[in-house]
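Structure below; questions to follow.
Here the chain labels run A, B, C and D in written order, and each chain numbers its own residues starting at 1.
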Amino acid sequence: MKILVSGFEPFGGSRVNPTEQLIFDLQSLSFSGVEIRTVLLPVVFDECARLLIEEIRSFQPDAVLACGVAGGRADITPERIAINMKHIAEDAPYPDNAGVRPHEQPIEEDGQDGLFTTLPVSRMVKTMREAGIPASISYSAGTYICNNTMYVLLNEIKKTANAMLGGFIHFPASPEMAAAKPGMPSMSQESMLRGLKVMIEVTIEELRALEHHPKRQVGSCSM
Amino acid sequence: MKILVSGFEPFGGSRVNPTEQLIFDLQSLSFSGVEIRTVLLPVVFDECARLLIEEIRSFQPDAVLACGVAGGRADITPERIAINMKHIAEDAPYPDNAGVRPHEQPIEEDGQDGLFTTLPVSRMVKTMREAGIPASISYSAGTYICNNTMYVLLNEIKKTANAMLGGFIHFPASPEMAAAKPGMPSMSQESMLRGLKVMIEVTIEELRALEHHPKRQVGSCSM
Amino acid sequence: MKILVSGFEPFGGSRVNPTEQLIFDLQSLSFSGVEIRTVLLPVVFDECARLLIEEIRSFQPDAVLACGVAGGRADITPERIAINMKHIAEDAPYPDNAGVRPHEQPIEEDGQDGLFTTLPVSRMVKTMREAGIPASISYSAGTYICNNTMYVLLNEIKKTANAMLGGFIHFPASPEMAAAKPGMPSMSQESMLRGLKVMIEVTIEELRALEHHPKRQVGSCSM
Amino acid sequence: MKILVSGFEPFGGSRVNPTEQLIFDLQSLSFSGVEIRTVLLPVVFDECARLLIEEIRSFQPDAVLACGVAGGRADITPERIAINMKHIAEDAPYPDNAGVRPHEQPIEEDGQDGLFTTLPVSRMVKTMREAGIPASISYSAGTYICNNTMYVLLNEIKKTANAMLGGFIHFPASPEMAAAKPGMPSMSQESMLRGLKVMIEVTIEELRALEHHPKRQVGSCSM
C-alpha cells in the first residue's frame, strides 16, 4: 500500500511553512505495511499541481493527502470540495510566488465546476476529535494554490477513472506565524503531526476496507 | 528570590484545566537562584482569592503570577487591569463551581474601580513574541473568578504597600477542550509552558532591576 | 423581461425571517420594463426547491435570485457555488422545519458535485460596495436548505440547457435576531433591500448585454 | 434637565464618522422636559477631553453621553470602565489626528487606574435589546481617544464630587465604512439613532429616579 503526502514551500512573506516541516517530520513515523512518500510543492499556480501529478504517475499511490496552511483557521480542516477557479482578489496582500494574480479563471477549461474529495473526511475529523485534536470539515478550499492543487488532483482521479483516494487538508498557522499576527489562531507542529498521523491511519483503514469491498464506484464521494 | 504561580481547578463541564497541568509541569523547570511555589485555586468566587492571599502571607513571594483559561482567545494574554466587579450574565452557561451567579457586585466594598497589574506585561508579551509564542496584552480580565482573583491580589498589594509584582495571565483553551468545540482556538501544553517560562524569566529580570533601583514607587504601573 | 425572487419562512426558533420581509418590501419597488415575481419557500429539504422549480416552470423567468439568511455573516454574500450534499451536523441546534436531519446525502443522485452560479456575482458585489453596502462573494452556501435550493435551481438550468441566470444570495441576521444573540453581526432591512435592488439592477444589465451577445454558452460561469 | 451628547470627527482615513452624523440627527428628536446639547470632538489625545470638559462647565448638564466608533464590533457597546492609560500600539495603522502615538502613558498623573461609568449601562443594554437593537456591555474602551475622553470625563465627575451621570458608548462601523473592509460588521445610521434615543430615555428615567431618592452616593457605580 502506498500513500503520497505533499506540503508547500513558504509564501506570503513567511520564512517557513508548517506543512514543509510536517512532511519532513512524517519521515520519522512508520505505518505497518505502508510506503509513505512525500513531495514539496511550489506556491505557483498550475506548477504546484503539475509536480504533484508527475509524482503520482511515477509513484502510483493508493491515496494522496495534499497539505497546506490556511492562516486564520483554528483547527485542522480536511476539504470537502475543490472548485474550478483560480482567483486572487485585487486587495489580497500577495500574488503567488511567481508574481501571478489570476482573475476568476478556470483551472481546467472543460472541467466540472466542483469536485468532491475522495478521502474519508468525516471519519478523519471524528477520529481526530476523539484523539483531542481540533478538527472540522471545510466546505471551501478558497481559490488560491491549495484549491488549484486539490482540483487538479481530483480531476486527474476522475479523468483516469482511478479508484485512488485523494484530497486536501488545511492546517492552521504555526505558533511562529501567529506570534507575528496578534489574535491569529495557531497549532503546534506536534499537534499537526499527530493530526496527520491520524488522517493517514484512517485513510489506511479505508483503503483496507475497499480492498474487501471492491465494488466501490470510481470517483464517488467517500463521505 | 521567590515566585508564586497559581492555576485553577477544572470548571464549566471540562474534566481538565490546562493551568492545573501548567503548574504541575512547572515543577520540572528550575530558575537559578529562584524558589518557585505553586498553588491550585478553586473556581469559587472569593474563595479563589482567599486561598491565594493565605499562600502569599505564608510564602512571602517577590512576585505572583496567577494563571487561568480564557476559552476563545488565541494567544497568551497577560491582563492589564482588574475591575471591582463580580458578575455572571444571566445567559452565561455556568455559575461558579459553588453554584453562585453574582450580579454586578463589588469585590471589595471600598475598593477602587480598577487596579493595574504590577507585572511587566509589555515586556512579557514582546519577549514571548520574539520566542515565537503568540501573545497579546488584554485590557479586560472579565468579571468571573479570574478577575476576582486578580483584583483581590492587586488590592492586597496596594493595601499592604507591598512592592510585590503581581498580576493575572489568561491562556487559550487546550487542544482537548477545542476538539469538543469546533472553531475554538487552542494552544498546546508545551507552548503554554514555554510562554509561562518566558514570563517568569522576564519577571525575574524585572525583580533584579528593581533591586538595583529600589526607588520604584509601590503600586505604580510597571508597563 | 421577468425576474423571480424567493425568500424563506422563519426557522431555528426565530419568529421572523428578514428574507420574507425582503420579498414583501420588494413589491413596492419597480424596475422599468421588468416584471418581478416573488415566492416564499418552506425551510424543508427538497420541498424548498420543488416549490421554486414549479414557480420557474409557470413564470418562465429570465433570472432567479433565491435569498436566505446566514446568521453570523456581516455582509451580503452572493454564493459562487452549490454542492450536491444535504447535511445537518449532529450537534447543530435545529433540524429543518419538518424535523429532518440528513447526513451527507446527495441532493441529486447523478448530479455533479458542484454547480457554479450563473448570476454576475462579482459585478453584484462590486456595485453594492460602491453604493456603500457591505458585500462579499461567498464560496460556500453550506449544506442546509439554502444550498439545497441553490443546487436544485442550478441543476434545473443545466438539465434544461436553459440560459437563465440563477443563484443564491445570503443576507446577515436582522437587528432583531442579533439583539437576542450578543455579538452577532446584523444588517438593517433597509440596507438589505437596497442591496437586493442593486443586485436586481446588475442582473437586468447582464440580461440586456446577453440579448445583444446571444452566443454566451449555456450554463457557463458568468463571473 | 440637561443632557450633553458628544460625537467625533472622522479619523483613520475615513471621510465620515457615524457619531458625527448621530449628533446631527439627534437635533431632530425631542425629549419632553429635557434640553439636549451636542458637541463634536477632535480625534486628538487630551484635546478631545479638554473640549468636552469646557462644554460641561458651561452647559452644566445632568448627564453626559460621549459617543465614538469601534470598528469591528457588531453591536452598540456602552463602556463599563475607563483606564488611566494612553497607548497606540507600534503596529496600529494610525496615530491620532495630530500625528501623536503615545506609549503607555498615564492620562492623569495622580488618577486612579480605572473609573467606572456612572451611566445605567445594564439597563441601557437591556432596553435596547428589548427594542430589537443589538447591544452589549463592553469592559474595555481601549487605550485610544475614546478611553481618553471617557477617563477625563469620569475623573472630572469624581474630582468635583459631582452627581452627574457620565460615560462612553461605542457604536459599530457604518455600512459605508464596512463596504470598504469586507467582513467588518456594521450598523445602519437609523439603528444607531434608535439606540441613542433609547439610551437617552433610560438616562432620563434614571435621573428622575435619582431626584426622588437623592441619597445616591456621588461617583458610585449605577449598574
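Following the convention adopted for this analysis, contacts are C-beta pairs under 8 Å (C-beta built on N, C-alpha and C of every residue); 3 or more make two chains touch, one makes a residue touch a chain.
Keep in mind that this is a model prediction, so the values were computed, not measured.
Over half of the residue numbers at the interface between copies subunit C and subunit D are found on both sides, making the touching surfaces mostly the same. The greatest centre-to-centre distance from subunit A, using averaged C-alpha positions, is reached by D. Centre to centre, using the average C-alpha position, subunit A and subunit D are separated by 48 Å. For the pair subunit A and subunit B, the distance between C-alpha centroids works out to 39 Å. Touching two or more other chains at once is no residue of subunit B. The list of touching chain pairs reads A-B, A-C, B-D, C-D.
Note for the complex: subunit C touches subunit D at residues 74-75, 128-136, 175-176, 178-180, 182-188, 190-191.
The part of subunit C that touches subunit A in the complex is made up of residues 80-81, 83-85, 104, 106, 112-116, 122, 139-140, 142-143, 221, 223.
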